Structures are given as C-alpha cells and as structure tokens.
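I have placed the structure first, in the form of structure tokens, so that the comments after it can refer back to it.
The letters A, B, C, D and E name the chains in turn, as written, and every chain counts its residues from 1.
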Amino acid sequence: MLELTFEGKSYQQSVLGPISLRIHRGDRICLLGPSGVGKTTLLNILAGLDTEIRATTTGPSRELRIGYLFQEPRLLPWRTLYQNLALVGANRERAAHLLGQVGLAGSGHRYPDQLSLGMARRAALARCLAVQPDLLLLDEPFASLDPERASELQGLITRLLDQSPSMAMVCVTHDERDAQALASQSWWLEGSPARLRVAGAGRGAAAEADSRSGLTLLGRRA
Amino acid sequence: MLELTFEGKSYQQSVLGPISLRIHRGDRICLLGPSGVGKTTLLNILAGLDTEIRATTTGPSRELRIGYLFQEPRLLPWRTLYQNLALVGANRERAAHLLGQVGLAGSGHRYPDQLSLGMARRAALARCLAVQPDLLLLDEPFASLDPERASELQGLITRLLDQSPSMAMVCVTHDERDAQALASQSWWLEGSPARLRVAGAGRGAAAEADSRSGLTLLGRRA
Amino acid sequence: PLAAETLPALRLSVLQYGTAHWELDYIQREGLDRQQGFALELHPVANLPASRLALTSKTVDGAVADLLWVQSRYEAGAALLYVPFSSRIGEVVVAPDSSISRIADLAGKRIGVAGGPDSKGWILLQRVAAGQGLDLAASSEIQYAAPPLLSEALRRGRLDAVVTYWHFAARLQAEGSARTLMPLSDLLVELSLADQLPVLGYVFRDDWGRQNRELVDRFAAALRQAKQALTNNPDAWASVRALMRARDDRTFAALQSGFVAGTPPALDDERIASLQQLLLLTGTAPERVMPSSLFYREHP
Amino acid sequence: MTTQSRPSGWTNWVALPVLLALWMALAFALDSALLPSPLTVLQTLMEQAASGQLWHHLGVTLYRVAVSFALAMLLGIALGFWMGRSATVNAVLDPVLVLMLNLPALVTIILLYVWMGLVEPAAILAVVINKVPNVAVTIREGARSFDYKLEQMAEVYRFSGRQRLWDLWLPQLFPYVMAATRGGLALIWKIVLVVELLGRSDGVGFQLHMAFQVFDVSAILAYSLAFIAVVQLIELAVLQPLERRAHRWRHPEARHA
Amino acid sequence: MTTQSRPSGWTNWVALPVLLALWMALAFALDSALLPSPLTVLQTLMEQAASGQLWHHLGVTLYRVAVSFALAMLLGIALGFWMGRSATVNAVLDPVLVLMLNLPALVTIILLYVWMGLVEPAAILAVVINKVPNVAVTIREGARSFDYKLEQMAEVYRFSGRQRLWDLWLPQLFPYVMAATRGGLALIWKIVLVVELLGRSDGVGFQLHMAFQVFDVSAILAYSLAFIAVVQLIELAVLQPLERRAHRWRHPEARHA
C-alpha cells in the first residue's frame, strides 16, 4: 500500500539514517523509541509532509486517505469542534457520534481553547477517525489521559481496525502495553542517526494480520 | 505556606466546586483525576494565574517562588534554550547543567521549534527547576517520554525534593505508579463540579513528610 | 441666437474663487456667450495645478494661466495661444505700521513669497532690487508658502513683507492688517516696459486655437463685453458678489476696483514686444521666447 | 493586564465630549477665525447640509472611497498573500513594491490624469494604485507568520482551496486585514482628497481645497468632520462587531477590546 | 508552498530591469514630454546631483522623514500597545483614534502652520500627528493577538518589565512593527511632501511642486526616484537583514522570504 525508501533525513544534524519500509493494508504497527529519536519525523514523512522525501503508494492508484493524530491537537482554534470535524467532511450527526465515542459528547459547540489538553487531544482523535482513513497515523494517542479513558480509546481504535480490515495503522507510543494491545508488529527507532528495527508481533488480531504483513526492513549502509 | 479557599470556578459551566486546601513546606502531592476534570485549572489557581481567585501565602512573608511546568512546554519560540533559561535567572553554566540533567546536553543553542515535543517538555522542566522554586507545580511531567527517560526524571525530581526539604510539590499525573514514587499524598479531583478528595500516603520519604503534612480538606457544601 | 445645444462649446477650467471666474460667471449669467454664438462651459477646479492639469489632459480647451508658465510650456514643446486677461501681477504688502517704505528697506527682512521661486512677481522684484544693488534672495530670509498661510503669517507678525497675489493683498488691506508697499506692476515701469502688460491670460492649445479661431474670436468678444460692463456699470457686480467671498463692503470695493484696474488694453505689436521683453528679463533665452503669433490680437 | 471581556458602554463616550469641551474652551480663549468654535462648525455643517451641498459632495467622495477601497483591498490582499507565501515571488516583486509604495501620490495622479484625461476611472485607478502596495505590505507580514503546524494539518487532511482560504488563512490574517482596513480607509480618503483636488469638480477634497483658498477653517473642519463621522459609524456598526465576532474563539484571559 | 529558506540572489534583480525596459519602450512609443525616457530622467538626476541641489533637498527631506519617523513610531507603538492591551483604554481612546486617523493631513498642517508659524517644528509635528494613529492602529492589532499562554508563563516566572518588553512582546509585535515601518516610511514621506509644499522652502516636496508647476515630469521622477532609491537601500541594508534575523527561530517549513 505504501513504500518508502530514503537515505536519511537531517535538520542541522542527521536525525534519521537510511530507512526502507513497506506498509500493507491491515498492518498494525507500533513505533517505539526514546524521546527525540525521530518518531514524529518519520510519521511526517509517511504523511507526505516532507517536501524532500516522498513515499510511493502501491496498489489501487487512488490516493491514500490519511488520518494523522499529531502530537499536539492542531485543531483550528477559531472553529468549534463541530466545525473542525465538518472541515474534514463529517456532517453534524457523524461529528456528534464521533465526539461521543471519545468522551466529548455535548462539547461540539466549544472552541478548542475552552477544552483541557486531554479533551483537545481526544477531539483531534475524533477528527482523525472522521476521515475514514486508509492509513491511521497516531502520535502518542493516549498521552494526557487517565488510564480508564486511555483503555476506552484503545478499545475504540481496536474495534475500528477490526471493522475495517484494510485500514493500516502506525502508532507512536512509549508504553509497551499499548503496543501489545494494539499492534501486530513493533518498530523500534534507535541510535543517532536513527535506524528502524522491527520487533516481534503483538497479540490478538495481530497474529492474523502478521501473516499477511510484508514489512521489509533493510538497514542498509549508506 | 499556601492557603486557598474558594466557592468554585466556572467558565461557561461550573468546573470546580467549593475547595479549601492548604499546602505546607515539603509537601509532596500528586493530583489525580480524569481528563477535563479541572486539574490544570486548579494548578493555574495555585500559580496565581486566576484573576478572581487568589491563594494566600502564610509563613515568611517573602513571595513564593513558583516553578510551573505547564502542560505544554510554553518556551519562548524566538529564544534559544539558553536564552529561555537565562530569562528565569539561570546563567549559562547552570543552564547547561540543568539541560544536561534532563538529557538535553548540547541543545542549549537550539530554538524550541527545532526540538521534539518530548525534548521541549524536558527543557520546560529544566526551566522550572532553574528558578529554585518554593512550590513546584508539575502538569504531567512525564507525558511524551519513554519509560527510561521518565524514571530518570522521576529520580531527578525526587533527589531535588530530598535536597531541599522545604520545597513543596504538586504534580498532576495519570499514572498511579508516578504518584506512588513521587508523592507523600494523593489528591483526587472528581465529579462535576469537581471536589477534592485526599487519599493515602505514598511510600519512601513520603511517610516522614506525611507526618508533618497539614493538608486540611474541607469539602464544604456551597 | 441659435439653440444652446447646437452652439459650439468652449470648455474652460476656472478656479472657483479665482478672479477670472467673476467675469466668466458674468458672461454666462448675462448670456453673452450665446449672444456671440457659442456656449461657455465652465469646469470649476480647486487650485492652480488642477487647472493646469485639466488643460494638459485636454479635459478643457482653455484655462487661465500666467505668462511665465505659458512660456515654460512653449519651451517644453506645448505651444499655447495667449488671450490677455489681467495685468495684475501681485503686490508687496507690509504690516500697516511697518517701517519699510522702499525696496531697499527689504534687506535683511523676513519675506514671504506666494507661489515659489518661479513666481513672476518675485523674479521682477529681485530684478529691480538687483538694479539697486541689493541681492534680496541672499540678504533676506525668504519663506515660500501657500498664499493663505502667508497672509496669516503677516497678520501675526511672523513675516515683515509678503509678495502675494493681488486679491490676497486687497483682502489684507481691506481688513486693515496690511498696506501695499508697491503694486508689482510699478516694477514694469522701473524696468522700462510698457504699462499694464497682461501677465495673466486665457490660454488654449495652439493647434486647437488655430482650428477654432472663430470660437476664440467669439470668446474674446464676449470677454470684452463683460469687462466693459464690469468697468462701467457697478450694478453688474451684484450678481458676481457671491463668488467674491467679500467679508464686508470694504473688501468688496477693494476687490472690485482692483479687478477693474487690471483690465489690460488690447495687444498691439509694441505691447507684444514688451511682453517678450518681459520674458527676457525673467530669464528666458532670447531664441526661445514665444513668437508673437502666439499672442492673441483682437480683430479691429 | 486587563481581562474584562467587554468594557462597559460608557467608555466609548468619554473621549469625544472631553475633546469637544477642550476645543470649545480653546476656541473661546483664542477667539480667532482660525479656530472656529464647535458651534460655528456645526452651523456651517447645517448650512451645507441644508443647501444639499454637503450630501452631494460627501456622497461623491464616499462613492469614490468605497469603490477604490474595495478594489485596493482585494488586489492588495491577493498580492500581499502571494508575496508572503512564496519567498521567490517576494524577492522578485519586493523592489517593485518598494517603488510603488514610495511613489508620491502626486506622480501617479498626474500621469494618469494626463494620459486618461480628468475622468472618473483615472481618479479611481490613481487611488487604487496608491493604496494597493500599502495593503500588500501589511498582509504580507500576516501571510509570513502563518502557523506551519496548522498548515501541515490542512495538508494532511487535504483541505480544499476554499477551506484553506476561509478556515485556515483568513482567520490568521484577520488582525492584519483589520489593520489594513482601518489604516486603509483613512489613507484612501486622504488620497481621494488629493485626487479630487487635482482633477474633479466635486467631492469633499474639492470643497476642502476651495475652503483652503479662502482660509475658511470652519468649512474645512465641517467637511472633515462629516467624513470622520461616517467612518466612526462604520467603525461602530461594522468593524467593531466584526472584530468581536472574529475574536469569540479567544481564551477569555487573552481577549481584549 | 515554497519552502526554500532563502531564494537565490538573482531574484531580487529581475523586476527592476524589466520595469525599466517597459518604461523605456513606453517612453519611446509615446515620445511625449509627459513620459520622459529613463535616460532623460537619469540626466536630470545627474544635473541636479552635480549642482548640489539634489543632495541639499534630499538631505533636508530625509532629515525630516527620519525625525518624524522615529517620533511617530515611538509614540504610535506605545499608544497602540496600550490600546491593544486594555479594553477600557481602547474603548475610551478609539473614537479619538478614528478622528485623528481620518483628519486630513491638510487640516493639521494648516492649523499647526498658522499657530506655530511656518517653522520646522510645526512641519515635524504635523507629520508626527498624521502618522501616529496609523502606527497605533497596526500595533493595536498586534497587541491584541498576543499569546495568552506565554503571558501566563511570564506571569508565573515573574518576568521583569524589560524582559516582557524585549523577550515576550516585541517578538510577537515584530511583523506588525515591520508592516508599520514599511507603510509608515512611505506615508511619512508623502506627508512630508505636502508639508514641504505648503510651508517650507526646501526639500524634495518643494522641488516636486516646483517641477509640477511647469509639468517637468522628468524632474518629478528624478526626485521621486532618488528618494525611492534611499528607501530601497534601507530595505536591503536594514529591514531585510533584520527580518531574516528575527525570523531565524521559525521552523524552516514555515520560513518564507
């Protein structure tokens, strides 16, 4: 579904080393790594936000719909939650439904600045689900949330992935338990410049997904 | 050291109910509660940012020095980390030392936008320690951090509190393990409008602190 | 007379409160234009540059202009036909109690000059002073500014003398805040030029004037009629008074007599030569002086 | 730090009466035709209004201001936006912008009048040419300080052009647009004055200069104040409500005015 | 979205030659004294420069522009800042601001010249009074859109007044200050022209007016272009480097121009 190969990414200093990866439909990947290693940078590249590095999509030529939960909420502060969701194509009904699912029922008319950070992050998650993405990119979806809320959302995402088996997910997390619960594979970013290391499969629905998984990982020398 | 009583805080809707609390020197408090309940609102009030509600300081009349780690980094984006730290009074040497302690050695000349979110949060923590506060307010200090880094910083904070026993701390967290490790008391915010509920003491140095602790909690009816 | 719409139109730009407006308004009001077989169309403008712009952009056929400007346009390749309007150059006025009584007294004084260094009155004054061995520009403090500001400065004693347009001078005198040191037309005599030279005129683009010679003739005839009426018949002024913005009767009288005094005699060869001489005196190179064909002569 | 979300109603009505009283006192003390008292000016205003002069000239001027304002804002915003977004476009066009910005109004007005004649389109065009660079310079700064994080968000979620414009860019440009609007209205009116002075036979500018020729300060003030009253009306009836609406989303601690 | 952090050097030098060529062609085609060719203008410029006239008048005007610019920016920033920060102050002063903003330059200039005489301070003061409201209107918008989160941070960390000013507020005001500077320099120069025209005996405005009297477009353009060249120099030598410096912190994806 998505193929990506590049020699490296650097700002002032080199951040990512040479990486080559492939994501298939239905892949459930958790991306782990220490703070500052380059996880967000990699997600941005996958989302097509890097002007130099472009991933190529394979399979049906239709452009990939991407749902990206950024590390900060990135809601439009001058639009209410309903409006923010409407901007990605969710009508009022669907928006209300999604907000209810992330525990924000009744907050649709509020502006992002009137929310707590955790609430704003959940609203951003709702937006990211609203696009019915082919590829779901989640940058620490459960940060700033209490454990109950976090597991609730975990359940929500798992259900969603189960419902649409062709949806792929890459989820950044620092919590191995999240990784276990959500993903069928784990990717580790390590070192400086960072290399990608693939790790064992998770549990549950993951096993099945794993068999189809075609992640290729070439830690090539530059 | 700090006393606070108020009838409630509301924006459009009521957020906090009547609360009355007292913080003593050396108190180590963890503040827990679901997302959106009003933890940040309470911290802001403690920090004196609310224009309507003022806490009164007791004891030596000198104004309290407060170190507040906001939920977002809130660094000045147009100043390097060194400059950001210099603005709160840390000279170059001390700034370098502090940055080193939070794992940002060598990043002093970078601008906040050149950091990952986790790095920016750590830089903000360094700033908050730089003022040598009497009262340390931490809003989820370990979000966006990998477990190793998180426990490293936990160690750092514990050491700091041990070194200056008169420093008080209120730390918002969602992780009971953090609460256990850091604090001698836990406060719970629950309900809507939220009430404060005090819970059992933590472990370690907490026990001793606990005996001195004078938190008074009056869940008064309005 | 023919019906108005079939009459050939003559478009003139006119300063709303300019002195030319007085006689033009009279022409229109009395229907002198229709009597002469043309329709006078007035385009009021707020100030001199606007009037010049209107002419240059061919929005109007003619405008009032002073001789030096016409000469400079000629040098720039835009020849203009010059129909005499007035011989009033302007005046040098001083405070009523001023000790200045001769040109020589102006040395070292603060002098305000309307219209800038190119203003002809100022150039002539300097010429005459130079004849008396006085370099005015060097020995006095010169302030160029808009005429109303100069009037006000004189009233407040911030200037010792002002070289200004005659109607500003007339108003100052009528209200008692100035007296005339000398009319600048006296300077012409000192420079041994003909008296009453028309230094202001109605100007038309030369090529247009040649194609519409007859129209210009009719206009000149209407002008003559109007001037005669205004000179000989004080009642004729009644309808013009609204345009004169005279605060009181004294001002009105001063403006009225000032206007009449400025009516120039018709041009003949000698007077045209004198005008050309004037141009030479104000610094025009001899070979670039406007040819006499550009000065309008009435048919006898 | 003042944090009240909206000051009480009286505050709007303090300064003008005070100013009026000051003016009155000063006029009384000076007793000169050069500073007529407010009453004299009011009287002149009434006279001009009664004769229909005021409405005619004010109407003509307002029409010119409105047309050229609309054109100048449209073009200026487009140009400023383009230059703010693209460093290359900016580098190419910046010298032209500096040139146009500092070309004296007089020059454009004269050239246009001379070429096109003293016609209405020349007047309007002259104003527009004079104003566009000013708007562009302000808007450019706004377009330069867009939040790149929201930009990335819009990229990922494939915002349509219209969505970017209305939901992403305009809200960020809003303060700059307001600054350009307020400063622009004032500037345009001042240029219109010059334009009318040089080549039109009606409008407030024409009246003002005629009044200047005869030093009729009371008429000058009457016409100026008539226009200012209209702008004040626009400010209270359009701009301020618009501003309040547009600032609704702001955190109350941050909301001012 | 253009993302190059700095466009290559040639880009700055495209537009002016093109413009020049256009002008040349147009002048050649029209062959009218009303649009002199660049060469004629250059020649006039050289003559004026050789005679010392240019330097004298340009110098005088630049002096006036500089002094009144400095004063107007200082006062305007202070006023705009104050009004942007406090809703009450804003409500009280806003009507006065609208009044001052829309008072025609002519009115202030005349009144000041009449009261203070045709002196230099009157000229400078007239320009300052005309410009301050413009700066204030722009800066006010900036002060209104300050980030309250950083404000709270500064509050908690007890930033001193100086720190707030330099490290918190000015960086946020920067784009607004730049807009006010660019627009302001242009506006001030235009007002100085009027001021010089009405009551000074030197300066570019005076010269322009003289040239205008005789429709000497070539001299008009020569003097205008001389001033514009100075502004262009300021732009390249001061404003743009300043801007690059001030934008250094921006994320490269967001950095333009």
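In this text, contacts are C-beta pairs under 8 Å (C-beta built on N, C-alpha and C of every residue); 3 or more make two chains touch, one makes a residue touch a chain.
Worth saying up front: this structure is predicted, and the values here are computed from it rather than measured.
Visitor: Identify the chains in contact with chain B as well as chain D, in label order.
Guide: In this structure, the chains that contact chain D and also chain B are A, E.
Visitor: Expressed in ° and rounded to a multiple of 5, what is the rotation angle of the C-alpha superposition of chain A on chain B?
Guide: Here the rotation carrying chain A onto chain B measures out at 180 degrees.
Visitor: On a C-alpha centroid basis, what's the spacing between chain C and chain E, in Å?
Guide: 39
Visitor: Go ahead and note the Å separation of the Cα centroids belonging to chain B and chain E.
Guide: Roughly 48 Å separates the two chain centres.
Visitor: Any idea how many Å lie between the Cα centroids of chain A and chain C?
Guide: Centre-to-centre distance between chain A and chain C: 84 Å.
Visitor: Enumerate the residues of chain B that touch no fewer than two other chains.
Guide: In chain B, the residues touching two or more other chains are 11, 49, 72, 114.
Visitor: Among all residues of chain E, which ones touch two or more of the remaining chains?
Guide: 1, 34, 110, 114, 152, 155, 212, 250-251, 253
Visitor: Please output the residue numbers of chain C that touch at least 2 other chains, ranges allowed.
Guide: 49, 56, 146, 148, 152
Visitor: Touching residues of chain C toward chain D in the complex: what are they?
Guide: Touching chain D from chain C are residues 15-17, 43-47, 49-50, 53-54, 56-59, 146, 148, 151-152, 245.
Visitor: Touching residues of chain A toward chain D in the complex: what are they?
Guide: Touch residues, chain A against chain D: 44, 47-49, 66, 68, 70, 72, 74, 76-79, 83, 87-88, 111-114, 127, 131.
Visitor: Note which residues of chain D are touching chain C in the complex, please.
Guide: 34, 110, 113-119, 196-199, 201, 205-206, 208-210, 212-215
Visitor: Enumerate the contact residues on chain E facing chain D in the complex.
Guide: Where chain E meets chain D, its residues are 1-2, 4-7, 11-12, 14-16, 19, 34-35, 83-96, 98-99, 101-107, 110-111, 114-115, 133-134, 137-138, 140-148, 151-152, 155, 175-176, 178-179, 182-183, 185-187, 189-190, 193, 208, 212, 217, 220-221, 224, 227-228, 231-232, 235, 247, 250-251, 253-254, 256-257.
Visitor: Can you list the residues on chain A that touch chain B in the complex?
Guide: Going through chain A, the ones touching chain B are 11-12, 32-36, 38-40, 71-72, 103, 110, 114-119, 122, 140, 143-150, 174-176.
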